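After this come two complexes, each holding subunit A, first together with subunit B and then together with subunit C.
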Partner chain A sequence: MDLVLQLLVNGLVNGSHYALLGLSFGLIFGTTRITHFAYGSLYALSAYACWWVTAKLGLPLVAGFAAGIAAGAAAGLLSYGLLYRPFERAGSPPLVILIASLGLFIVVENAIGIVFGTDTKVVPSPPASLFLVGPAAFTSVQLAQLGALVVIVLGLWLFLSQTRFGRAVRAQTDNPEMATIIGIDTVRLSALVFALGSAIAAVPACLILVKDGGTAYMGFLAVFMGFVAVVVGGIGSLRGAVAGGYALGLVESLGLWKIPSEWQSTIAFVVLFMVLLFRPQGLFAGRQ
Partner chain B sequence: MKKLLLGIVALALAGGVVAQSAAGDPKVYKIGAILAMSGQASWYGTVMSQGIKQAVEEINAKGGVNAIPLEAVIDDHKSGNAQEGVSAMNRLLSIHGVKIVLTSFSAPTLAIAPLADQNQVLLLNGGGVSNNLVGASKYIFHNRSLAADLGRAAALHAQSMGAKRMAVLHWKNDAGDNIVRAVQPMWEKGGGSIVAVEAVPQGATNMDTQIAKVRSANPDIVALWMFAPEVGIAVKRLRELGMKQPLIGVEYTANDAKIAGEHGEGYLFINDYFQPSAEFPWSQQFAQGYERRYNAKPEFYAANYYEAVYVVAELLRRARAQGGDYLNGEVLKKALYSNPKFDSVYGGQMVFQPNGVAFKRVGLFKVEGGQNKFQKYIEVR
Partner chain C sequence: MDYILHVLVMVALFAILATSFNLLIGYSGLFALSHAAFFGIGAYATAIVALKLGLPFPIPLLMGLAVTAVAGVVVALPALRISGDYLVIVSLALQVIVIAVMLNWTGLTGGTDGIRGIPRIQILGASLDTAAKFLPLAVIVAALCYWGSWRVGASPFGRALKAMRENEAAAQAAGKNIVAMKLAVFAIAAALASVAGSLYAQYVTFISADSFTLELTIYVLAMVILGGTGNLAGSLVGAALLVVLPELLKFVDLPPDIADKLRQLFYGVLLIVMLRLRPQGLLPESASAHHYLAPAVRPRVDRPIAAAALEGRGLEKRFGGIVAVSKLDLALAPGRITGLIGPNGAGKTTAFNLLTGFIEPDAGEVAYRGRLLKGLKPHRIVRLGIARSFQDLKLFTRLTVLENVLVALPRQRGDHLAYVYFTPWAVASEERANLGRAMAILEFVGLQQRAAEPAADLSYAEEKLLAVARLLATDAEVLLFDEPLSGLAPNTLREMQPIFRRLADSGRTLAIIEHNLDVIRELCDTAVFLDEGRKLAQDTPERLMQDPVLAERYFK
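Moving on to the complex of A and B:
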């Protein structure tokens, strides 16, 4: 029973991480319909910005997080303006844009490795505190992963429901053609969503940097898990992306209670296959 | 008459010079290397290739081997991808015509072994640790202690500490599985029990679930049968999550130490032992040259590949002395076993065993004050 409780805690923490990935990836994908696989390399870039500011410049961790978020937002904006928008303007089919995105992913990933080296980057941070809830243990960084999700979900909900821009984002997510007809500047909005989604992705990236260290290749798993969370939850549903992330985290963790841990990396695929097979619209589609 | 004599002398000298160039001599000795130059484990490729380049530069600065320069042709298996390893081997064979390849990682090395047999290419492995590599090719040799041997040595030390209940966190790949298979029967024969065996995929950063299972098994000691950078992450997370039991493993690189930080204190590990010392001037010369070139202290992986180039140079000298077409695996293999002792940059000599693995002394280390403190030598057989 002690183990189950610990696995449940781990599942919630990992689920929060996947939910943030799903939320940020889903925001971009749901609004712009662009399969932004380069998201993974921008995620890594944000972590590296945080590392640079804290480990190289010696500034506090909070400044590192701010730099990571700013770098993520700028990289997201640039990726849309310099890569995706020209393809959109040329009327390129989604497959071409997807391949271009994969190309950008590889270019940025390798560029990070060449410029900063391929060793694992760590940031100087105070030792993580250990908390015990009965037999279950978790650290302050894991607590921050949970807290970050709550804060970002609340902030994003306020933004989407209370601001003009937020309502325009929802309109474009629901029906891009109608959004254009009623005069929404969808290009400007897409640029904003790329910046916002990438900025949100920077938060889990910086937290993973603090918890496990960062590498140039850390983005692959992030984009994969973000994508699975979105598909499991239902494309176009941000609530679904969060729920999909939690479903993934909990199944992945609790599944190992009886299943040998060597099966861990296949669990996400099994969940994805099951959803695609039995509920291809996602678990929470249509409940935006 | 005087002019005639001078002419005869000149002709004789010219003939002598020509005679020094054997029929099978190439313009340059190309040494292929298939390393992890990109991907998640590219740190290994970086340090290994740096060791190779340094050795090639040093040897060429002294006139090369048999007055022929060496050239390192470095290709990429993209962090252990077997298919990429085969592609790299094909490039080395067809484009560069190499007959000697320095290889790394178990999966790509196993994948290129049939090509080495087919083309009589000598393989020298300084990084792959799987025991399946032994005898994978007729022409494969290893100047890296293999994983199962290191694991057994670590388990022997754990037994001597009085531990009975061992929990294992291991890489889910050939190298990790090999250690699990080698250690478990030995540990149980010694009266111990394995209370948890948790697998971690290579490249995984989140191993909290596995650690939860290890923690709930309440072991006396936790064994880490894995390699960089996962060792550093495992040590950090085990300690952060409150485990105070001794931790023992088979590697702890500078990269691991950076990740683990202060949590690495007390960590025990067995590994190839490279430590420059005044007792062995070559080790100091290598370390100083490496630091000057790359502004970093050499890892033992760099030392292995550096020393491998010198082994190759010695083999080329010996093989050429035999005459004929000496650039093939069969001749080079005979040259190696004609005297299996080679100078080791670690100090003293290493001796290649009949199974192709060089017997080198390995060390038990303990992390103390952020430094890997050597404790004692352990014999690996």
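Moving on to the complex of A and C:
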């Protein structure tokens, strides 16, 4: 029973991580309808920025996170302005934009590898403390992963419901045509969403860097899990993306109860297959 | 010398991968990121069969092919109902699962160590253990695979794939079974990729999961984009260039790790640059049919037939809480033109969708020639003789005008792969006859001068004519036109109206959705007035328009 409880805790922690990925990927995808595959390598870039500032410059972790978030926002903005926007202006079909995104993904991933090498990057982390909740244990990083989700979800909710820009984002997600008709500047909006989504993605990236270290290839799993969380939850729904992330984390972790750990990542994909076969609109989508 | 031959072997293997990938993404618009996985399944299946069971060539290849074709269908299954983004993620998931199996099913796959010592191919007692000895086999197999892809691509089936790529709903309305087409093309593409994998395994004799990652798919993708999507020869060129060019890096003194990353970086940049500057690739897609090859024989388009009445009884459809169509009884009489009028949102297009199987009614039934159409997919209903056009036309814009019509012709043997592969002469002679039929239809609507143009280059009025021509090509007895005349200038209107009259006079059953009451008055024998999903009245246009209540509703 203790094992199940610990697996549950781990599932919640990993679920928070996937939920953040789903939230940030889904924000960009839902609003702009761009399959931003390069999300993965921008995620890795943020982690490397954090590593550079803390391990190379010796600044505290807070500064590293700030650098990671800033790098993420800047890279997101640039990727929209320099890559996606020109394609949009040329009227390219979604497929072409997706292929271009794959191109950017592989360019950034390999550029990171060439500049920084392929070894695992670690940051001088604060002494890990262990928190006990009954028989289950949390490390401080795990607690931070849970907390980050709560803070970001609250912040994003406030932003989307209280600000003019946030309401425009929601309008754009619900009905892009209508958004254009009522005079929302969709280009500025997309740029903002790319910056915001990439900035949010930087947080789980930096947390994983502290927890497991970072490599040039860390981005693939991030974009993949973010994408899966969005599809499992239901495209176009941020609530669904968070729920999808938790569903993935929990299923994956509880699966370990009976399944050897090397198959852990495969469980998520089986979930995805099942969802697409039997409930293609997503588990948590309120409307089609 | 041996080095050059080795590079040539790799060109042959990648030519197989690039052409088969082109069938998927270029021809069919199915963007699956699992080609490396198919390649890998073929390689592993071959390695296991050849090493553990000791079976001789070509048994390992054929077994790999069978396993991989099944895997291709597995990817296609969840993607059948939905496409686009979902296919990307499902295929990516397959890619990840395949790598996980390779790495973790240690007993079968050797885990991270991979499989070593795969037996070489023996032919007539000779072991193909050098590049020089392997090259002829690689070239022969690649040529066969190219032929296999080319037969698909150049056939009416390949044209139907392109139509599906342009617009799935319109391909269905042209009588194409898009589910079967997707399954078939996935199975073929996966099987061809596995052939490359099989040869690769027995050529290099050592395989591991590292050789079959997403990076490989992106590499092959770069070949397809460089060469040109929808053009198989382009994929050969792309494969040759992208296998040979990176080899030049070998002559620069770089650590192998860095060189590898530089290569991949180059593929990424190449993808972006090509898509920006020359998205059609080095060799653009070309037309699959030419009007000047059409025989002089022109079958008559409006030959008399005896159509029957199409009846909808008690049709109901709700979307969420909104009633789109309610208790609708429609009887479209043969030899007549029935007009559907009513304000926007009255349920006119929904009525067409219900009659043609594009949406299932919540209640009620549709009957034609004593047969209930319940549960039939749109392409089956088209083949029974009931076809519809779309308000937004949904032309196959990157196909030529002629191809738009050709693809919709009914009962084509060339739509079936068995005929395409085993009786190509029958398919070719049928195609010649079909060219005559298609040109006859284009002449009927007056578009024969534009036959060779891409549909994207037509004027608005010509687009409308092409939509009519494509509908006629289905040879259906019941023709449902969704606003075929809207937005046209008065003189164009006058030129087009006789087309509908001639079709009705030939015995066909016509229905037209139209807002212009003058058109309804001149063209229709009877008109149905719909509002809020209900049929309010049916009468001659003259009498309907004199009804002050209806006039009030229409102009409110």
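Basically, the second predicted complex is superposed on the first by the 285 of 288 C-alpha atoms of A that agree within 3 Å, B and C clash if a C-alpha of one lies under 4 Å from a C-alpha of the other, contacts with A are read in each partner's own complex, and residues count from 1 in each chain.
Heads up, the rule we're going with is that a residue touches a chain if its C-beta (ideal position, glycine included) is under 8 Å from a C-beta of that chain, and two chains touch if they have at least 3 such contacts.
The model shown is predicted, which means the values in this text are computed figures rather than measured ones.
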item: Superposition on subunit A - do subunit B and subunit C clash or fit; value: clash
item: Touching partner for A:103 - first (subunit B), second (subunit C), both, neither; value: second
item: Partner chain(s) touched by A:265 [first = subunit B, second = subunit C, both, neither]; value: both
item: Touched partner set for A:280, first subunit B, second subunit C, both or neither; value: second
item: Partner chain(s) touched by A:83 [first = subunit B, second = subunit C, both, neither]; value: second
item: Which superposed partner A:113 touches (first subunit B, second subunit C, both, neither); value: both
item: Subunit C region in steric overlap with subunit B, selected from 73-81, 109-117, 217-225 or 523-531; value: 109-117
item: Common interface positions of subunit A, toward subunit B and toward subunit C; value: 110, 113, 118, 262, 265
item: Of all residues in subunit A, those that touch subunit B in their complex; value: 2-3, 6-7, 10, 13-14, 110, 113, 117-120, 122, 127-128, 130, 132, 137-139, 142, 208, 212-213, 215, 217-218, 221, 252-253, 256, 260-262, 264-265
item: Contact set on subunit A toward subunit C in their complex; value: 29, 35, 83, 86-87, 90, 92, 94-96, 98-100, 102-107, 109-111, 113-114, 118, 220, 224, 227-228, 231, 235, 262-263, 265-266, 269-270, 272-273, 276-277, 280, 287
item: Subunit C residues touching subunit A - in the complex, by the definition given at the top; value: 25, 29, 31, 33, 77-79, 81-82, 84-86, 88-90, 92-94, 96-97, 100-101, 103-104, 214-215, 218, 221, 225, 257-258, 261-262, 264-265, 267-272, 275-276, 279, 320
item: Subunit A-touching residues of subunit B, taken from the complex the two chains share; value: 38-40, 42-43, 46, 172, 198-201, 203-206, 208-210, 212-213, 215-216, 229, 232-233, 236-237, 240-242, 255, 258-259, 261-262
